[in-house]
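Note that the chains take the letters A, B, C and D in the order they are written out, and that residue 1 is the start of every chain.
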Amino acid sequence: MPTVNSWNASAQNVGGSTVGPADYTIFRSLLDTWNFWSLVVGIFTFILLLYLVIRFREESPDDPKLDGIKPGVFPKERDNLTLELTWFIVPTILVLYLTFIAWQSMITVWVDPYSEELAEESFDITIEAYQWGWNFYYHDEIVVLNETGNLTTFVTPMGSEIKDGSIGIDGNLYLPCDTPIKAKIVTLNDGGELPVLHAPFMPEWAIKEDAVPGLETYLAFTPKESGTFDLFCAEYCGQQHSKMLAKVHVVGQCGTGE
Amino acid sequence: MSKNKIRVFSLLFVVFIALAATPQITSFPTGVGANGNAGCTCHSGGAGTTTIDVVGMPDSFTGGESYELQISISNPAIPGGELTANMGGFRLFASAGTFGAGENFTDLVQELEGGATHTELGNDVRDWVVIWTAPDSEGQIVDFTLHGNAVNGNAVGAGNGNTGDAWSTFEASVPGAAALGGGGALIEQAEPYEVAIAAISFGITLFSLMLVYVFYRNNPEGFNLNGLAAWLKKWLTTTDHKEVGTLYFVYSFLFLFIGMIFSLLFRIQLSVADNDFLTQDQYNSFFTLHGTTMIFLAAMPMIAAFANWIIPLQIGAKDLAFPRINAMGFWVLAFSSILLYGGVMSGEGADISWTMYAPYSSSGGEKGASAGTTLFVAGIVMLGMSSTLSGVNFIATIMAMRAPGVTWMKMPLFTWSAFVANAMLYISLPALIIGTVYLYLDRTIGTVFYTAASGGDPILWAHLFWFFGHPEVYVVIVPAFGIVSEVLATSAKRSIFGYRSMVYALAGIGVLGFVVWGHHMLTSGMDPTLRLIMMLTTMLVAIPTGVKIFNWLATLWGGSLVFKTHTLWSLGFLVTFTMGGISGMFFPVAGLDTHFHDTYFVVAHFHYVLVGGTIFGMFSAIYYWYPKATGRKLDEKLGLLHFVITFIGMNAVFWPMHQLGIEGMPRRYHTYSVDSWTELNSFITLSALIMGAAQFILAWNLIKSYKYGEESGKDPWGGWSLEWTTTSPPPTPSFHEIPTQGDANIDHHAYPESSGGLFSKMWKGSGSK
Amino acid sequence: MSYDDHDDHGHHGSWAPIIASLGTMIFLFGFSEANMGITAIGIVVLVWGMFTWWKDDLPFDGSEEMGELEAYGTPFGGMKIRKAGIWLFLMSEVMIFGSFFGAYIRMRSGWNTHWTLRDKAQEAIDTGVAGEGLTDIDSIVHACMTDKHKPLVADCNDATGGLVNETFWITDAGTPAYHHVAAEYITADFWTLLPGAINTFALILSSFTVVLALKAAKNADLEARVRDKKVRNYLAITLLLGTIFLILKLWEWNHLIHDYDFTISTLAGSFFYVTTGAHGIHVFIGLIFITYFIYKAHIGGWDPNNAQSIEYYGLYWHFVDLAWVIIFPAFYLY
Amino acid sequence: MGEHQSGWQKTLHEKTGQDVYFWNFIFLMVFTAIEVGAVYLSLTYGWTVFALVSVGVVKFFGIAAFFMHLWDDERELTYTFAFPFIFVIILFIGIAFTNPEGVIGLPAWCSPDIIGSYTSTSP
């Protein structure tokens, strides 16, 4: 009979280091592309600025006065249509290219929660947020190979099995490896709790979605490495917003997947 | 004179009553201990029906003494599980002292951070013995909080294991032997609230002393105090655009420093992991007030100050269109800060962050928003009124009072940027006013706009707020564009490159600013079709800004650039704002935004754009137009020192935040336990303190140069716009004879006068001259 | 198009702005602390500020020196700047009422209302599953609700053959799915509709009387004393109609709250009372301004060349009527 | 007020003895009566909405064009009055037509569930 330990030490001392999303997430590939283009644009602009500042600084106060600068008179207009068109067209092309990539990422990150093909092989959980803690409800079973090599249901260190209907209220979320996870996010409303915005945020897979009282929102991600990762609350929810922590344990054999 | 005196004293008396009636809510910030009491509260079910009795709690403790506390839980309605398992639980906290288990309770009780709790086995019984050893210093009061929980044993079976239980709380405070002896003087470390209130009242006393000093310096010989009343009356009743501009400037400069005090306080809090320099309440209200003060009480009034001062001079008008409405715009803003800060004095400052997201901001009670939030929201409504009043003024003035020769396409770019900024603010503000009125009524008379239980929708607030929010951030940056265009052109001694494309880019930003607000809410459960639209439009917004940056660079081509302080600030703007603009491009991408939303990457981006953009632009404007306003230049050496420290400090503070954002450190966290973040955060705090100190150089420079600055004639920097044709400081009303602006292009017949460009063609009305 | 030289037209400072702002602050301060005393002080100081403002304006004779500037250049060239100013102010009002409607439509499009109930009833009749003897929509609606519009969930389920089941009224998450909108009570009973209809007629009539007052003030060939009396009387009628509008509105609210229990703690109630309340406040502010105009007419202040102030006030008043033209069908009839 | 009145308003004035504002007033009164009548006849949903919207638009035009004499004044004032409606439309698209259940009931492109007829499909 698992004890209903009202306080779980491990959830509290978060410790360790978080180095941001895993390498296999779409976040990393996008970040590299965006970093590359930022460097290209940044370096081009700063070198141009440096050159102009050095090349065209004032030699002597009586440099030739161009453009008829006199107080009270609108100066001679300077423009060069081809130059202006180029630095309008070129950024537009770059932005359109980046928009195309961004559109791709949208389809992988935000999934239609009612699509059939996701429904069959996804591991369904419900994340319930309340003021300053998380409850996890499992709707599928985690199946792992135990030491004798046959498949059994996974048992948590505190002795509770993770199968359809089991509940985690001690700030620990257990997830299978290499299976797409579909998490429904709801806010606990049993009359007593004050329903405010929360947002489960798992930096390891670079995803978050707000828990909005009165609305069900969805998260979809696929862990590919086992281990223990952090779950933060990313939407300001009051006094202990910084204490609303949980640990995500990815269990089972990883790396067998594609 | 006597009638005026009565009026002035009655006004001050009313203000005094309003201040005295500031809410004396006496709930001091308790700041629950490190682990919070969420333990039993996750057991839902009726609270308070369980009775807890503790035997052996001493009346007063002597240092180092151990006391045996027998705790037992009973609840007639919940007899406990039939298998004598999962009967009860407890969680004991004490603000000092250490814990141990009673001699035959070693397997039932365990010591845990901040107190004690039951073990696995201890969960099956309902009474325990805990040994508490008192701390050595007896001069303090130790607060005990004990949560007792009668469990009905359904463990992981029916329901979710934590239903049907009942927990309640037992509190006691045991004074040390020396605590009560002789007046019980408690030695408490300085409460951060006292630090904040002391700093703010010090700022206000300093400000009033400076006020009297400036009055004294006007004419030291004829100085007498009842002259002060007349001089004060001039300022309280002024409607001249220059004096209202000065009021706006002094007001925003004061609040720039108050906002800075809050930021330094919570930077100290964030410098190390698991720090408790500030309690959670204080941290939450400090970051709320930092955000609101910096945007609404520092940046926007500074823009209004320069707009008030410079627009009439640049378009050749004697004064703004509606002088008294202009003065009312300032005074509504001035009084709104009393409401915004009303809660802080009583320890109940608003803690709902500057975005005031709905269900939390419309909630109250122990876990909800603090009591000062209602006053705070009332202050935001007043800010809305003030911006609407000044918005009408600026748009009417620019549209109707331009001198002959100052057509739409020959107006200085600062006036253009102020026009676009005020038009955007003016059109987007009603969405904020309506959202805030709904929130205000939710908190005062009990409407249910954002209450999910009665069908209300929290995302309605997010939509209404950000429909205003995004144009707002453009309102804050667009005037800085105008200032940089003016300063770079004058410093390079050339006209701005591509004046027309600059104006069209401004108009492009103005329009696009209204269709992109969704990128602030991409992960907040917004309608997915709308997320796609918002992502696409946000991508387009970078293009007009890119056009402007390249135009500024092209302006430097072929010029002879002088390196005055205002030029340095504008070049600094070019560097930091470009980096901010580039880091902004990371957010419209779904894959990146799901990670970056509400992390320190967002904080890094908007500080690069706000501090690197608006504050650098405003400082450039201060050094550029101070001579026109006072007739004396600011000290260049002090200016250089101020620029170098602030430029390096700004990058040192905000660049590491990008890395913290990538590592996933969430925003608005009172503290964090991830050790790898400590090193970056302490570096940020250190550089923030240095950068903060550097701002006093500017304050000193402003005061010193008013008397000892180098004389500046009408046109110290060689600018071309109309403000450089009047004397400095200009007469009141600003132009005795409305000037006519010449046009260097007519001599070269580049642009025939009549065409007047697309804009005026579009507006060719039947009656216009 | 020349500005004349002597330029003392700049206002020599006025106490009005600071007093009015102080009044606003004290009013909001009191309202936030639910302390009616301070709220009352706030309103007093605000009105004192307004009257100081108008005392500065009383000698206004429509001339250049007194501040009636003319716009120059595109787009308002030749027009009076104050007229352009009023139209710019109305832009902000359009956005305010636009936001009210934006929020209302967002919520309303998600609610079940008496229209969806009639739809379901029609569907039940079409598919023949309606309860026996219930052949038309009204009889089904009567079966579903008491005359105080309280839903009878079980009876309605039978009456519509299961089409209007439990989740039609309350969602499974416990939040209300069916929202009693004001129009449900108003269109169902003539006496509840009457005040709304009378109010609409009253506002249109008051718009007309303001136009008549303006025409009288501009009428040069009227003898001064006769003209002032005419202007004062027309404005007084507008004031009367505006007060009737507010009194009827408060009576109607009282009727809705007590007889139908349609309070602000329901979502539909919140939207109804806050939107119509905001419009009511705009009418109230208009009435305060018109007392100043009446006082000025009483002391013979109006003549053809400063009558345009009434025209600018008329623009504001017509806009308030325009807003009502949209609020009335959206909240009272739909 | 309407110094430069257009031609037909002068002829209306001579023929009927009353000026355009009087007729505009009568016009608005009649349409309000139509509006209230339409509801009181309890027509079907579609017809009631059509009646309310069309009468609303007509009265809006009546007040704005004649009582606020936009008809006679310079065109710029009409532009000024019309300008914020662009942003009201943007606000409507972004806020009004994306109702709260947007996330679950993925609305087919641009067919928000406004009419609330019995064919609503959200599960």
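The rule is short, and it goes like this: a contact is a pair of C-beta atoms (placed from the backbone, for glycine too) under 8 Å apart; a residue touches a chain by one contact, two chains touch by 3 or more.
It should be emphasised that the depicted structure is a prediction, and the values quoted were computed from it without experimental measurement.
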item: More contacts between chains, B-C or A-B; value: A-B
item: Identifier of the chain whose CA centre is least distant from the whole-structure CA centre; value: B
item: Rounded Å distance between subunit A and subunit B, as computed from the means of their C-alpha atoms; value: 25
item: Chain centre separation in whole Å, for subunit C relative to subunit B (CA means); value: 34
item: Between subunit A and subunit C, centroid-to-centroid distance (C-alpha), Å; value: 46
item: Centre-to-centre distance between subunit D and subunit B (centres being mean Cα positions), rounded to whole Å; value: 41
item: Subunit C, residues touching no fewer than two other chains; value: 75-76, 78-79, 84, 88, 91-92, 95, 98-99, 102-103, 106-107, 110-111, 174-175
item: Multi-partner residues of subunit B (at least 2 other chains); value: 427-428, 431, 452-453, 455-457, 459-460, 463-464, 467, 525, 528, 763, 765, 767-768
item: Residues of subunit D engaged with two or more neighbouring chains; value: 74, 76, 79, 84, 87, 91, 95, 98, 100-101, 103, 106
item: Subunit C partner contacts - residues on subunit A that touch it in the complex; value: 189, 214
item: List of subunit B residues in touch with subunit C within their complex; value: 7, 11, 14-15, 17-18, 21, 23, 233-234, 236-240, 318-319, 321-325, 327-328, 330-332, 334-336, 338-339, 342, 374-375, 377-379, 381-382, 385, 388, 391-392, 395-396, 399-404, 406-408, 426-431, 433-435, 437-438, 440-441, 444-449, 452-457, 460, 463-464, 467, 732-733, 736-738, 756, 759-760, 763-765, 767-769
item: In the complex, subunit C residues that touch subunit A; value: 173-175
item: Sites on subunit C touched by subunit D in the complex; value: 75-76, 78-79, 83-84, 87-88, 90-92, 94-95, 98-99, 101-103, 105-107, 109-113, 115-116, 118-120, 122-123, 138, 163, 187, 190, 193, 197, 200-201, 204-205, 207-208, 211-212, 214-215, 218, 311, 314-315, 318-319, 321-322, 325-326, 328-330, 333-334
item: Partner subunit B, residues of subunit D touching it in the complex; value: 74-76, 79, 84, 87, 90-91, 94-95, 98, 100, 102-103, 106-107, 109-110
